[in-house]
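Just dropping this structure here.
The chains carry the letters A, B, C, D, E and F, assigned in the order they are written, with residues numbered from 1 in each.
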Amino acid sequence: MKILVANPNSSTIVTEVIARSAKRKIINPNTQIIPMNNSRGTENIDCGFADYQSSWSLIREILQKVEEEKVDAVVLAGFGNVGIFALKEALSIPVLSISETSQTIACLMGHKYTVLTAMKQNIPLQEDLVRLFRLEGKCASIRAIDINVEKCVTEKDKVLQRLKEEITKIVEEDGAEVVILSCGGLCGYDEELQKLVGLPVIDPVTVTVKMAEMMVETGLCHSKKRKFANPPQPLAEYF
Amino acid sequence: MKILVANPNSSTIVTEVIARSAKRKIINPNTQIIPMNNSRGTENIDCGFADYQSSWSLIREILQKVEEEKVDAVVLAGFGNVGIFALKEALSIPVLSISETSQTIACLMGHKYTVLTAMKQNIPLQEDLVRLFRLEGKCASIRAIDINVEKCVTEKDKVLQRLKEEITKIVEEDGAEVVILSCGGLCGYDEELQKLVGLPVIDPVTVTVKMAEMMVETGLCHSKKRKFANPPQPLAEYF
Amino acid sequence: MKILVANPNSSTIVTEVIARSAKRKIINPNTQIIPMNNSRGTENIDCGFADYQSSWSLIREILQKVEEEKVDAVVLAGFGNVGIFALKEALSIPVLSISETSQTIACLMGHKYTVLTAMKQNIPLQEDLVRLFRLEGKCASIRAIDINVEKCVTEKDKVLQRLKEEITKIVEEDGAEVVILSCGGLCGYDEELQKLVGLPVIDPVTVTVKMAEMMVETGLCHSKKRKFANPPQPLAEYF
Amino acid sequence: MKILVANPNSSTIVTEVIARSAKRKIINPNTQIIPMNNSRGTENIDCGFADYQSSWSLIREILQKVEEEKVDAVVLAGFGNVGIFALKEALSIPVLSISETSQTIACLMGHKYTVLTAMKQNIPLQEDLVRLFRLEGKCASIRAIDINVEKCVTEKDKVLQRLKEEITKIVEEDGAEVVILSCGGLCGYDEELQKLVGLPVIDPVTVTVKMAEMMVETGLCHSKKRKFANPPQPLAEYF
Amino acid sequence: MKILVANPNSSTIVTEVIARSAKRKIINPNTQIIPMNNSRGTENIDCGFADYQSSWSLIREILQKVEEEKVDAVVLAGFGNVGIFALKEALSIPVLSISETSQTIACLMGHKYTVLTAMKQNIPLQEDLVRLFRLEGKCASIRAIDINVEKCVTEKDKVLQRLKEEITKIVEEDGAEVVILSCGGLCGYDEELQKLVGLPVIDPVTVTVKMAEMMVETGLCHSKKRKFANPPQPLAEYF
Amino acid sequence: MKILVANPNSSTIVTEVIARSAKRKIINPNTQIIPMNNSRGTENIDCGFADYQSSWSLIREILQKVEEEKVDAVVLAGFGNVGIFALKEALSIPVLSISETSQTIACLMGHKYTVLTAMKQNIPLQEDLVRLFRLEGKCASIRAIDINVEKCVTEKDKVLQRLKEEITKIVEEDGAEVVILSCGGLCGYDEELQKLVGLPVIDPVTVTVKMAEMMVETGLCHSKKRKFANPPQPLAEYF
């Protein structure tokens, strides 16, 4: 089974980080992770503007890779919208966004969950996503540590401290008990943090790849009736 | 890995049907399905009253089996409440209800989903469950074919006809595109029906067992803070 | 008129406290309060697990008492679920939960109300109940003083102090103006507290018994169509 | 105990009908019903415009009557808004609207209820009221038989027939099982209709008067903090 | 084009303040603002009680003025309900409430908006209005500076300071980014405040008058079907 | 004042139709409409896939035109998402989507409104937009006449007939009284239809252009704090 894991931005470092998370929990020797980056995308998808300027080429590259590599499922490894619904229209194999999938799995793990991101500016966009995924009833809050992505990678102690602070508020003030780390820069903090705070901390890439694997094994795919029906014209007409 | 699949009622025939659905998509040779029936439960959990008269012993038998068999995850194979939250309090391994899990997975497969059950009387109880799972935004409707569980098993042609009729309404009137067959009597209709109607039809047992397998592989479990914290007294005090 | 007031746990002390609250405002000399405790239940229903381990026997004992005593209405004097919907299925006389009824009456008394309980762990379960009762629009918050039931009874000054503190926040932060004391240990604090804080504080047992009396006098009962229809089998089949 | 039952319009015939419903279920010999009509109001409050042109004088007359008669509670016997919240601000004795109170009691009697009124034009106004009372979760639908108030009184067979038709749809299409007759012209149809359709049909005047009686007996009143605080100026300043 | 701008209270000083806001942004030389005060209304509409005691005469005076002056649109310059829906029933020209209109325009200007008023007691009434306008999804919060209307006019520095404080919380705590000044006493603070806080501050009178102008120019009016259909009787019957 | 009216697709015929609607109600001689088409976009934005493949270039062309022409406001004349939020991030002049703006104005014109579109496949996407705009409380339904865009232009009689049929259902079944024609092919049907059905029918382009004019005249713009803050990098970095 081949799972394409697409990084929506052009950073090869981020693609590597994502690939590492993707492979962490794979047990089946027949499952193959194919990482991909979006060569024509921006370095960083840090706002709604970046999303629209990067996702069109992301979608095209994914379609091409799906064709070439005969992949069985696609994981869209971006924490924003990045065209998830558009891609589900175009394909008839499982297409999973790490944002939608991790929130869906979190539903099973607690009364309510919190999405924890890096920058405050990102919060309204994340709120829009929760509404698009129709999960308002389960999402207690969206919080930010207000440390930018670069510093998330370099200043580990400070980041851990801030994450811990916010997670305390999640439990005390928001009434949540499950945390999703919703930013590329926060990849890899999950295990240490989980020990520190005593509640489940989800790495969205890891769980989404596993979900993709499971969907392929069971033959599940999104419905091709109504919302994700094929585009009315042949795909090439839209390029 | 051992997954306990617990039938909440006492019918051994139903336990067999469930076991068959549970094993259908298992690929990993190390995954072992352990079916269990609730010997002190009612033959059929067909109302809220039956739920309360059966679940207390179900929970006790599951706890005993978990202990004896050292299982890694529990699948609660009932379409009602059957004490799902109570059991999550008592255990620190994944506990998945087929009702909650199948609805959660359906979230990823379409704009909205429909729960299709056998008897009309069951609809308000299912509506309560959707509210408990906080998935109102994704559940378009709950529909019933109004054929009792026994006839569901024996009158296959009639049942298929009625299922098809309701599914047409689901798409036309309710705006849904994914179907969950939420009744023991409807187990086994999914594949034939899916071909007939052209939209995904989910067998809740099959997908929940796969989700349990995936949670064990990734080390995920429900949060033990807040809602599913251990009961304040030792479990034995409650018996 | 005979009103059965059922304590869902096995503590006879609690049954006495409940009986006292039940009788406080009875004026009609023909109204008779019949207290009952759940001899096979747990000492304390302090979590969802306790609820499922106690309610099955509670329901059976209530049904027996209803039969023997020819009671006219049942008051379920537990602050959790304790099988309220199951019991409404089984009976065709008014069955009122103190939790549902006190919240319903609070609707008439203010813009929004707050449920004030003893332990924080209880909050998600209370949130589930509000959703089951479909009263989210009126319930501003659920708060806990985080003092356990035993201390609630013995450390009166501290408890009053903590209740007063939380009620200030209810008005200032949550925008509520009516308080429901939702814990057995808080029975009896209502009148003193009401004077202290200047807003209505409801004793759920007292108001529910009065509502039961009123329903019997007017001939009202829950609908026996749909949700609370009789169980499909004779009740004895479920034991 | 004295309960003022105020008809918001000027029709003495309607006042008599209301008084009859008010007295039907009174058992306590000390409870005295004081009917009142709004002499300066319109003959019929059949739209939002009529509500604003009638309620100001209604409120003034009620305040005068409360003073003169030393009443213990006020029942506002109008199916619209008719200044219910304004009156709660002005008074520190229970003030109950038949619309709000009957819907609140219906919450306890079924999964969902339906408000059944005479004219279709009234439906959006009733929807506004449900939102003001914050009971959207319990109100399944608002339906009208589209027969005007006069004919409701004179053409009994036709009205019963139409009521029965709509109630069938309430159960089949809206998923409700309790009916509130929300129009003066429908007073008196409840008992016959209840037998005919087999589900509870509520006469709002009857149950609200009983609730007022119960609130006086228990010493309950709406909160005078926040929403229903006394107007900042002495009342006379507003006339 | 003639736009009637009706002050719902009897204060001529407030009418002047409103007229000034109304004219501020008028560019079209053919647009004429006709201010009006409610001579029989209260000096101040500071609660729900005042609303019902003032709005009946307000409506009558507006209808008379519309007739006499042949106006093209009506702006209801009150921050409460003041009979907005009743007036829409009575008229077939645009009728715009400054409360509803300013909130509607704010929808376009940010993710969420906040209504900022003078007195805390007003908050529940404003919450009711948001529900009547069905804009809960866009209204992040309603806040008060707790300074009365008179002091709002005289103690400018203190008011600015308090407004600034609350607006900081609006952004930090409520997740809003647009502010509506919803109190007559706060008229005229918008421009200075906007510079001070760096986010849009809306003067409801100014924007509503412009919206009225635009509706007249495009020939738009509220629907006269269903909710705002003409009252069933000739208007004079209701006086 | 210059208002850029951007057609998100590449069809020059559609751009002309839009331009005509845009100019219909302009009275101010200083207002200048600048039509623009998206030369690199698809011919038709008929699904979510088309949206993502067209909007990136649309945004770039708009930014360039804003720069060159020194426009005062932008109207995004597409019935889908077409990057509305992304563009609001990039610009500090009013940016109005015809979809969001027409729905916002409809809020003022009735109890609830309906969005009427051409193709059924479009309904879930329109539902997503209503959620993004947070107007669920006002949108009664989204309906489609199921006639494709080309036939909408050529088969006028059939289209009028189908529109009339759906609008009857809007009033009878959905409880709405205002209609928004949400498809390019339906431009120009509004006036004839309005006469035919007797309720307001909104041409989204016309009203949005007038709203843009009004925002420029009053100096209003979306908030540049939080959601629509400038992208963190200079815009050129994202191309």
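Quick note on the criterion: a contact is a pair of C-beta atoms (placed from the backbone, for glycine too) under 8 Å apart; a residue touches a chain by one contact, two chains touch by 3 or more.
Given the structure is predicted, the values throughout are model-derived calculations rather than measurements.
Minimum number of contact steps separating chain D from chain E: 1.
Taking the definition of touch as given, a chain qualifies here only if it contacts chain A and chain F alike; those chains are B, E. Looking across E-F, D-E or A-F, the pair that copies the C-D interface, with over half of its contact pairs the same by residue number, is E-F.
If you average the Cα atoms of chain A and of chain E, the two centres end up 44 Å apart.
For the pair chain B and chain C, the distance between mean C-alpha positions equals 30 Å. In chain D, the residues that touch at least two other chains are 111, 123-124, 134, 175, 226-227. Chain-to-chain contact here is organised irregularly, matching neither a line nor a ring nor a star, and falling short of all pairs touching. Against chain A, in their complex, chain C makes its touches with residues 123-124, 127. Residue ranges of chain B in contact with chain A, taken from their complex: 25, 27-28, 96, 100-101, 104-105, 107-112, 133-138, 171, 175, 177-178, 198-200, 202, 206-207, 210-211, 213-214, 217-228. Residue ranges on chain D touching chain E, taken from their complex, read 42-44, 46-56, 59, 83, 85-87, 89-90, 119-121, 123-125, 128, 131-132, 134, 226-227, 229, 231-233, 235, 237-239. By the touch criterion given at the top, residues 111, 175 of chain A touch chain C in their complex.
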